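To keep things clear, I will list the structure first and then write my remarks on it.
First chain written, first letter: the chains are A, B, C and D, and each begins at residue 1.
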């Protein structure tokens, strides 16, 4: 039985051949970049948990009231709450979904899943990674040795258990995941989209290669000359990238390696608010922080200067040795 | 009687877990008690303990007072030997480079299967839990130590859902499911230390914590426990262990 | 008659090949004439041409006079946008990021299949050639331009061994073999420029080089050639093209 | 039909569990490191063509007169000649085998293969890479979309063509390659074996993960503190590594990125010598450059100060911008 979820190779190639992969500047605003994301699309989200979350781009999609996005991410934190709570997404493919291990269960996720308002499709962490990797390699699946024997596997008919044709061993083939669009936040890139990532890279390289469009948000845009001086530091090549948006603190209140740690006071206030009332608390939070601000900088001002500076001081301290 | 008021349940859990680790081991640790216990072991007896985090970190030395809020935060990379992709660090488990996987648990059964996905029917769950993260990968691919709170509702005969496989249905069922390597090695709680029978793969009590009786353990467990022929009594936490632990987590994030 | 004494066969090969490339394309180039031609195109008309090398290079600007002796040397990385693993740069072809693969050839047949592995029976070869390198991957996964010397022994009806697939046995046999994407696009020699028939996938002459007749081409070819209905005559290399080419390879490493 | 070439998972795990993977110093001499390589073993060779070839380690194996090694490498240059010509190896798995594109065919390779003295097992370049990668991932195969329809595939019954269970497409499964030992040369590593690689990394990371033992030769040994200051620059983790040998110019006469370019005068003289007489020329070359020198430094002296300095000047120039 064939699986409709995996893109046939010819369609994958056809989609890619229609993209403009030439060396060209593609700097734009959050508003402009959001046009690559249409209702109902498959959207891959970079970073993991509270790290290098493309929060500014998610913020923009909430403001533009996108609908029915099917999102995928390594591990999902408050970004998942926001996507469900705002109605932007009704389906998240991930390996772990709560606000953070410090805060127990997410009442927002629970409400949406337990009431059948949205789906949380669970794969093991490695399986999510291998699904993006297969997508990035242009193959329909990769074999793994986990999930076997567990109920996680039983819930996933999208994967196929086989007997290895070489060794006879049991293996699980996980299907390629090729999102329509990937949202990725990086420390720096050039105007063409050649991106450098410091520290934890998570699954972002595979995701960028797998997706049919990539929107990069970046703490800063550097010159192409600077990129070319250390080409072995480029982690995502320009021809994978369709939009470059410069957004300082673009992961706030989450962290961006080497630049700022998570803004935990804001996070804690958020968690207290939405877990005490996942409907009304979420509505108020979105109103105040997502819909009302005129700009991303105004959103940062609401988080507060003190918290942003404190997070920055801690973020930079990783290099203090 | 031992004076058990000197330490909290979380503290003895971290300390007894730390004692399970050996210098030179390569340990894949989850956040919370495992990270705390691994860091404690590193400071006390095992300077050559290599800690891996699923965010993509090999060989970290987390700073006291700067515990990471998750395994995907930059604090996990402090003085690490290597930072790599998160799928790639999990693949190191699959290849076999890791000696021990070290996790917390929400619900466990007599065969060491862990549930962190659903309470009730997965199709219409009473509670949707956070899910596996790397838990399924870690427990599928290496030898496991699990540190968790001992409550009757957490120690059940059969978990509602196998998120992270232990010995599945016991006997040889784990290998037959396609998991020939690894398996549950130890479960540490504030009451006792458990191993698993070589044949049946049922959980059995290896040692009781100071001041804890067999009945205490059985009363807090939802299935009939096997007791090892010679039950040991665990040495209580030393002052040095407690002081070091508290210095690592002065803000009591996890203890 | 054109004055063909102004340039060598290697020079016209490089210049006509360079003319096949378009600004903004992503081109996977082999060393030798392909690298030279791609660099020439970059200098003359296509500043936004992105050159990939199988050593693991994306978007290089090779320096004139510092041509790399292979695609795996550091000279290939000069002012590159990205350097990555060699398997990973080949995977970019498989994913579909590359517009054109650009290689040299030792032996080619009427369906554009290339042989760089064996002369004679592979089981007991008369000559063991160097082999595929990335040639098989490139020709399997993208649209190909091949630049090669035109000799009867190199242009054969059927290659001794398909190292790098063209259209295999013609018709739809390439797609049926599991290669639905890519295929032979152009063959450039010092005599002519060839394309492939849309249906039969047989090689056909699209244009003759300056001073070359149909008979010249046919006499140097080991199979019956198809000629396009309207055969063009290629513009001879300009002084500017020749000067630029010679400035890129002043030591005449490849010309 | 099962394939005996692929290690069963339990043997792979068993072999690895017997290695000492603890954090420990493992600095030794070339002579000592060579003890990890026994006659008849499968040996993976890092670098590619004339770049970061572990030449000093090969030199030592020739001097110790190892036999019947089955070697594998991305692309093979004069290192392959030496391995065949010295009798150290009678089987090379690679994608391309000559001295270098500048010099046409290798008479040494031709003689050995055409006379049936040794085997050159040809795979596509990507297939070699995916075989190492499968080995490094701990899976028995990876799927690829090249080699299909070619005679390269027909010569390789070790690979298996399948119809994809997800899409029905034809795919080739290439078997994992797990060498007994890998020889890898890097710019720098610490005494534990944490290695940094500048510039082109080729297939060395996958190879290091795939092999059951890794011998690292390195231009210099740096402190573990230096490694820990930039952990995202570590390319090979210490627990993959069994021996660390400091050998300046350890790839000579090949190149080491950023430190020296190939020593082309020596290479040209070598090629002229062995291609004019692949038996006697090779014998003389090995005698003079491999067997007679008392040390690696004496070998470098034979290549000559002028050539080494010229190559160094060119090597460093990549950073002159």
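One rule holds for everything that comes next: contacts are C-beta pairs under 8 Å (C-beta built on N, C-alpha and C of every residue); 3 or more make two chains touch, one makes a residue touch a chain.
Since this is a predicted model, take the numbers as computed values, not measurements.
Graph distance from chain B to chain C, where chains that touch are one step apart, equals 2. Taking each chain's centre as the average of its CA atoms, chain B and chain D sit 40 Å apart. In terms of their C-alpha centroids, the spacing between chain A and chain D amounts to 37 Å.
Rounded to whole angstrom, the centroid-to-centroid distance between chain A and chain B, based on C-alpha atoms, equals 29 Å. Each of the following residues of chain A touches two or more other chains: 9, 138-139, 144-145, 169, 171, 199-201, 228, 232, 321.
The residues of chain C that reach two or more other chains are 57, 77, 79, 83-84, 91, 94, 180, listed in rising order. Under the contact rule defined at the top, the touching pairs of chains are A-B, A-C, A-D, B-D, C-D. Partner chain A is touched in their complex by these residues of chain B: 31-32, 54-57, 69-79, 83-88, 90-91, 93-94, 117, 122, 125-137, 140-141, 161-165, 168, 173-174, 177-180, 253.
Interface residues of chain D facing chain C in the complex, by the touch rule stated above, are 48-51, 74-75, 77, 94-98, 100-102, 105-106, 109-110, 113-114, 120, 122-130, 132-133, 144-152, 155, 161, 169-172, 199-203, 205-206, 255, 257-258, 261-262, 264, 315, 318, 321. Those residues of chain D that touch chain A in the shared complex are 2-3, 6, 8-9, 138-145, 160, 162, 164-169, 171, 173, 175-176, 198-201, 228-229, 232, 321.
Of all the residues in chain C, the ones that touch chain A in their complex are 23-26, 48-50, 57-59, 61, 77, 79-84, 91-92, 94-97, 99, 180-181. Every residue of chain D that touches chain B in the complex is listed here, in rising order: 9-10, 12-13, 16-17, 20-24, 136-139, 192, 194, 209, 224, 227-228, 231-232, 234, 237-240.
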